[in-house]
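After this come two complexes, each holding chain A, first together with chain B and then together with chain C.
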Partner chain A sequence: MELQNISFDWGSVASEAVLFLCAVIAIVLSAFSRKESSIVQIFAMFGIVAALFVEILCPTIGSGETYFGEMLTGASSFGCFVLVCALLTGLMGFGYFAKGGKRGGEFMAVLMICTAAMMLFVRANNLMFAFIALECATVCLYIMAAWNRERASSLEAAVKYLVVSGVSGCLFLLGIAFIYGAGLATSRELLYFENFTAGMGNGLFMTGFALVVSAVLFKVAAFPFQFWSPDVYQGAPTPVSAFFAVASKAAGIVFIGKIFTFIDFSGGGMFDISENIVFTISVISAATILVGNLGAITQINVKRLMGFSGIANAGYLLVAVAALIKMGSMAFFELTLYFYLAAYMFANYGLFFVVNQFQGDDDSDQTFADYRGMSRKSSLLESSLVINLASLAGIPPTAGFFGKLLILIMAWYAQLYWLMGVMVFGSVVSIYYYFGWMRASLDFADGGERPLRETGALAPTLYALSASTLFFGVIVFFLVRL
Partner chain B sequence: MTGVLIMEDSLAKFLFPALMLFATGLLGAMFKRNLIIIFMCVELMLCGAMLAMLAFASEYGDIRGGVFAFFVMTIAAAEVAVGLAIITRLFVVDGTISTKNMNTLGD
Partner chain C sequence: METSFSILLTAGVCAPFLCAALMALFWPCLGEKSARSLSVAFSGISLASALVLWGAYMANYMVNIGFAFVTSEFISGAGIPPMGLNGVSMPMFAMAAIVGFAAVLWAAKSDIKNPRLYFLLLMVMQGGLMGAFASTNLLWMYMFHEFALVPTFIAMSIWGGAGKRMAAMQMAVYLTLGALVSLVGIIAIYVLTGAASFGLQDIVLAMASVPISAFWQYCVFALLLFGLGTLVSLFPFHTWAPRTYSAAPTSFAMLHAGVLKKFGLYVLIQVAVPLLPAGCADWSYVMAVLALFNVVYIGLVTMAQRDLKMMVSYSSVAHMGLCFLGIASMSVLGVGGAVLLMFGHGLSVALLFMLSNAIVNRTGEWNMFKMGGLYKQTPVLAGFFIAATLASLGLPGFANFWGEFSILMSLWSFSPAICAVAATGIIISAIYGLRAVANIFMGEEPTKELEPKFSGICDLTALEKIPAVILLAALLFVGFYPKSITQPLDSDLSIVPAYNQSK
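Let's turn to the complex of A and B:
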């Protein structure tokens, strides 16, 4: 790549630029604004909405072109997805900072930088660029996990994430070094995704590729690397736990899906390699599903439970990735992936909004006992809890059911029958612990002494999330006419 | 015998210490108890990976590996700034930075 051939297409990163700019303005504003005023937070929300508009109107979606000297591909649906996550996290932040959290303006600034970095990570077309964007997002996640810096639980969660994520970042970098070396030795630009097919079969490249994929599996909390997830979800402030659970996991899965779509397994001699990769990913996803679901059975702390639930869901998504590699059907994979992620987002945010409404700035010790008698205290929170738990458990007609159905259809066409069995078994087990939480909240006996408060913007958000959970699946299925 | 081979091949001469650094860091990060030492081990791993990249870059006379090393150093600096702040804060709140005493979270 000659330097003079590089075009600086600033229009293609307009949405990320809006976010970065608003983040800088938000930091300056919060330095000058009155303490604990929510003006900066409101400004930041407008910034995220503006970025969302730019992203929707952005002409680069699905164009197949590359920008900045082939460093970036066009925007994907993931941009809109993560922006909606940021918006919901910001809304939850209002509740969190109203009940005792500090420095709301700066929080929104860090959240916006993290969101922009994740968008760039998923748009990367080159591993070096992906690494920089990933680490930028990760450093923001450290800061956000440690936000409640008066509490040992939040700091401990941040330290655990710091060490685990630091190690995974190093694995990623070592993988890049190997792929770079393999590329130089064979005179090919192997760091670019579209050349990955050429590297398959080269020992050095395969080692590096395995390191990169396992580093991303760290981030999505897949089986051998899942141990950090429940601790971090439990200790981090609730809006941050929700962001970890949805946005960070989705970024990793979308990235893994993306690099596998660039590899063409149809060529000569590729069959054995693809069989091996499918087998490895299948075993990892089966183990992830089992560890997540079986680990959740004994949990009574709701945020830990969500941590194990997140592990299980990463397993379901990896089933879709394994099926993608086996059959190579891009369009159906994208539909499945984004449908499942959207359903997962509605359900998770619906639940974390409820968790966030319990008073006290530390939610790390919430157990089922706190939810007793909830149906009498607030019918709004109770109905949101029931609907979204049903969606995570995969009860029809919620979106979660259709999401799992799509993944099962993919696995069926890819002939991964044993993986379908594991997935169905995991879903059945998951009904037990999701319904345990639901049962505690429907218990009419007194017991939950923790005060519960409904704040301003909560009701419309929860109505929107619960309605999406209930009707999204049905509507999409009618639109697509599967 | 391996030692002789390493001294003869200039790529392996750099790659071997790089991987040793990486392995040392990984072992330290897994088995040490003090958070500062764990954190230093993570940085050691980063150095090892970076050195491996620089070994390839100098062997084949390609400049991008060297340029990328600067970016990685920037990232590492940001990570260290945030990480040390968190560890310091944990010491203030908890009074210890040993992983043995990290038991706030759990069942």
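Let's turn to the complex of A and C:
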């Protein structure tokens, strides 16, 4: 690498820099604070908010420029998205650490590093850089999954994620090696995304490319790399499960969408390859939808159920990716992707906040039975549960419906009719378990012995999430004329 | 004048939602009584606006080509497409308001556990129904229709009758299946025509330049037919309906069986057939045969029912067959008859659900064959029940008669054989309807010693009579003055090319 050509555009990574800086300060602060106080957590929350402001005001959004010697592209909407996720996870952390979790300040530090790493991962313009950012995020996720280390379930989740992520990391690295070995460009430009179009006819390159995509599919929890996610979601502390379900999945999907938009399939000889890739992604997404939805039918453990629901949603998102590759246009895709992810974020955090409100620092064995009589105990939690479950099931007027609608429209444009059929089937199946959960909570009979807690900061957050789920869909009418 | 009518239309749709929003906002300080009175008041606003609009529409139908009372750009600037009414949607809109008001009145006098939530859900559902029939945009029709799903599910899970757990889940799964399949059909129309939006006007405009090919018409109509058919309980997809209606709490059953179920037929008449005439022509015989199964097979199943609520539920499934037959004939007469029957059936089945609930509450008995001789104790209840039964089997003087009559007339030119088979459905419905009346109200008066629970039953109270009178009055009004619906309907349907092809 010709390092002398790299320009250091620190302004372009201001938001990430704020996060890293605050993380370091948070660790130092928590080392000096004697008792388990939440001051460090509050400081960290301010840090995340500051990073969010910097990201919004950051001049690199939408600019086509590259930074650090073409290592990074400009910031995208993903930065804001993942920062909001971090903010919500931090808020949920207050509830979690109030009910018995330990070392809240350090947790926030790790969370911030993870967030920054994910932002860099999605901004990467070079495979090697993407790998380093991804591994940085993954290591943080191991630590966060094992946070409740006195509990076997949390440790089990962390070990499972460690093993699976190790495999995924190896695949990624092997893919990089293959792509490098294909030698399609001069050494400096080998791993840059914009050169990938040239490699589409090369067998070695294609193998490497497939390996990289599979490695990212591991993170997304798409079939056949989905098996880890229900176990990990179940065992990890609830705020971490939420972060896994939303931020980690979103990062993977956005990254996959990004590398495919860099490849220009319109060149004549590559037409067949594009067809094959569309077919492969379609089959993967169909299988993901089926495995996620059919697997969730038998679940009564709510966190496992969210794991399977996450798999199903990864499948729906991959439908959009398949449509994108087929059509080769980006504008509608970006809207669909971020809209769906935002809807998914509101709904998932709305549900995980409810899961987090049960007493005890371990939520891994919560079943439908614990939810009986919830409508009597707390109308706040109940309404949040109903609205957000309806959104995940895709019932109008919630945001989840509009997300599915946009994906279906994209799929029809791309003429992926059979995939639409699978998606409709999956959505109908999903009614059974989402509404099953809802039905359990509507049961007036006694049963849920596990006591609920309502903390002060909870109500505004849940109101905000439910209101977003209900009314966010209206945004679609301002963006597209439907 | 036109502006004030469109404000009235907006008020009619928004009033129930506003009521629901108020109840949700003031949840902690909302008393049970204020929940009831608030719902009655806001539902009354909807009813009043619908009736005024109906009257205005009747008076001026000649000048209204297409949609009338279209709401202004002020609202569409905020991303909400315009609403409006035409000859097809006007009666449906009015029916939704009438049945909704009756359902709220019935709930207001009933003894319900946790009434605040009950009325909140009922208002969301009614608002959705009013909106579904007032929308001129396909996507918004769909969305408003789906507003009913979660409230019905919650209501069935909390206040439902026997077998509520299974019935609620079955309803949710079937309705979502039907809705999503028809959503794919709607998306197909939008993408294939390349219309600027899901608005009906835009789609018609786009179709004028880019017509849909015969193959796609065939495919898309199939999606709409079977998707919407599931919502309307067309023959092989009907199994959810009877269980749902008999397990749902009364007011929800009234709205569901009376109004919500008509939505699928409404979209077929308003959207699917006019936009996809060739597709409908391809499928019309399949539709007619499946509809005959509804009429005859489900009619026979209805005859075999012992449970009063199940009998009413099955009869409502059976009657939907006739509406499908009217659509299959693809003529102004048949489709107009279907709209009339939808109107009449919505009112009469709501009335029947209400009265059977009254009977079951009083006797504590579901089995019709164990009842008998209630006539002397409850003459008013019996009178209403007999009137409702006669209305639903199509006696002249009620709205249903005109519907069934014109459907059968139009069927003759479609296919005499199908017409003949369909006519047997009327006989079947007479058998089960009159037998129910005979079993419940006629015969020996039960003796106090043998049947203690059938003695000392009180008649309908004054508060219970009001909703029954409202429903019956609407049935009789249209029965004696069918022009109130048919004249605007005729002028709107006769300009649709799909309904004017000679066969």
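Assume the second predicted complex is superposed on the first by the 468 of 482 C-alpha atoms of A that agree within 3 Å, B and C clash if a C-alpha of one lies under 4 Å from a C-alpha of the other, contacts with A are read in each partner's own complex, and residues count from 1 in each chain.
Keep in mind that, in the parts below, a residue touches a chain if its C-beta (ideal position, glycine included) is under 8 Å from a C-beta of that chain, and two chains touch if they have at least 3 such contacts.
It should be emphasised that the depicted structure is a prediction, and the values quoted were computed from it without experimental measurement.
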Ask   = In this superposed model, does chain C or chain B come into contact with more residues of chain A?
value = B
Query = Which of the two partners, first being chain B and second being chain C, lies in contact with A:A23: first, second, both, or neither?
reply = neither
Task = Have a look at where A:A236 lands relative to chain B and chain C in the superposition and call it first, second, both or neither.
result = neither
Ask   = So, A:L458: does it touch chain B (first), chain C (second), both, or neither?
value = neither
Query = Where on chain A do the contacts with chain B and the contacts with chain C coincide?
reply = none
Message = So in the complex, the part of chain B that touches chain A is made up of which residues?
response = 22, 25-26, 29, 35, 38-39, 42, 45-46, 48-50, 52-53, 55-57, 59-60, 62, 64-65, 68, 71-72, 75, 78-79, 82-83, 85-87, 89-90, 93-94, 102, 104-107
Task = State the interface residues of chain A toward chain B in the complex, per the touch definition above.
result = 128, 131-132, 135-136, 138-139, 142-143, 146, 149-153, 155-160, 162-163, 166-167, 169-170, 173-174, 176-178, 180-181, 184-185, 231, 234-235, 298-301, 304, 364
Message = Quick check: in the complex, which residue numbers of chain C touch chain A?
response = 27, 79-80, 137, 139, 142-143, 146-147, 149-150, 153-154, 157-158, 165, 168-169, 172-173, 176-177, 180-181, 183-184, 187-188, 190-191, 196-198
Key: In the complex with chain C, residue positions of chain A that touch it   = 375, 379, 386, 390, 393, 395-397, 401, 405, 408-409, 412-413, 420, 424, 427-428, 431-432, 435-436, 438-439, 442-444, 474, 477-478, 481-482
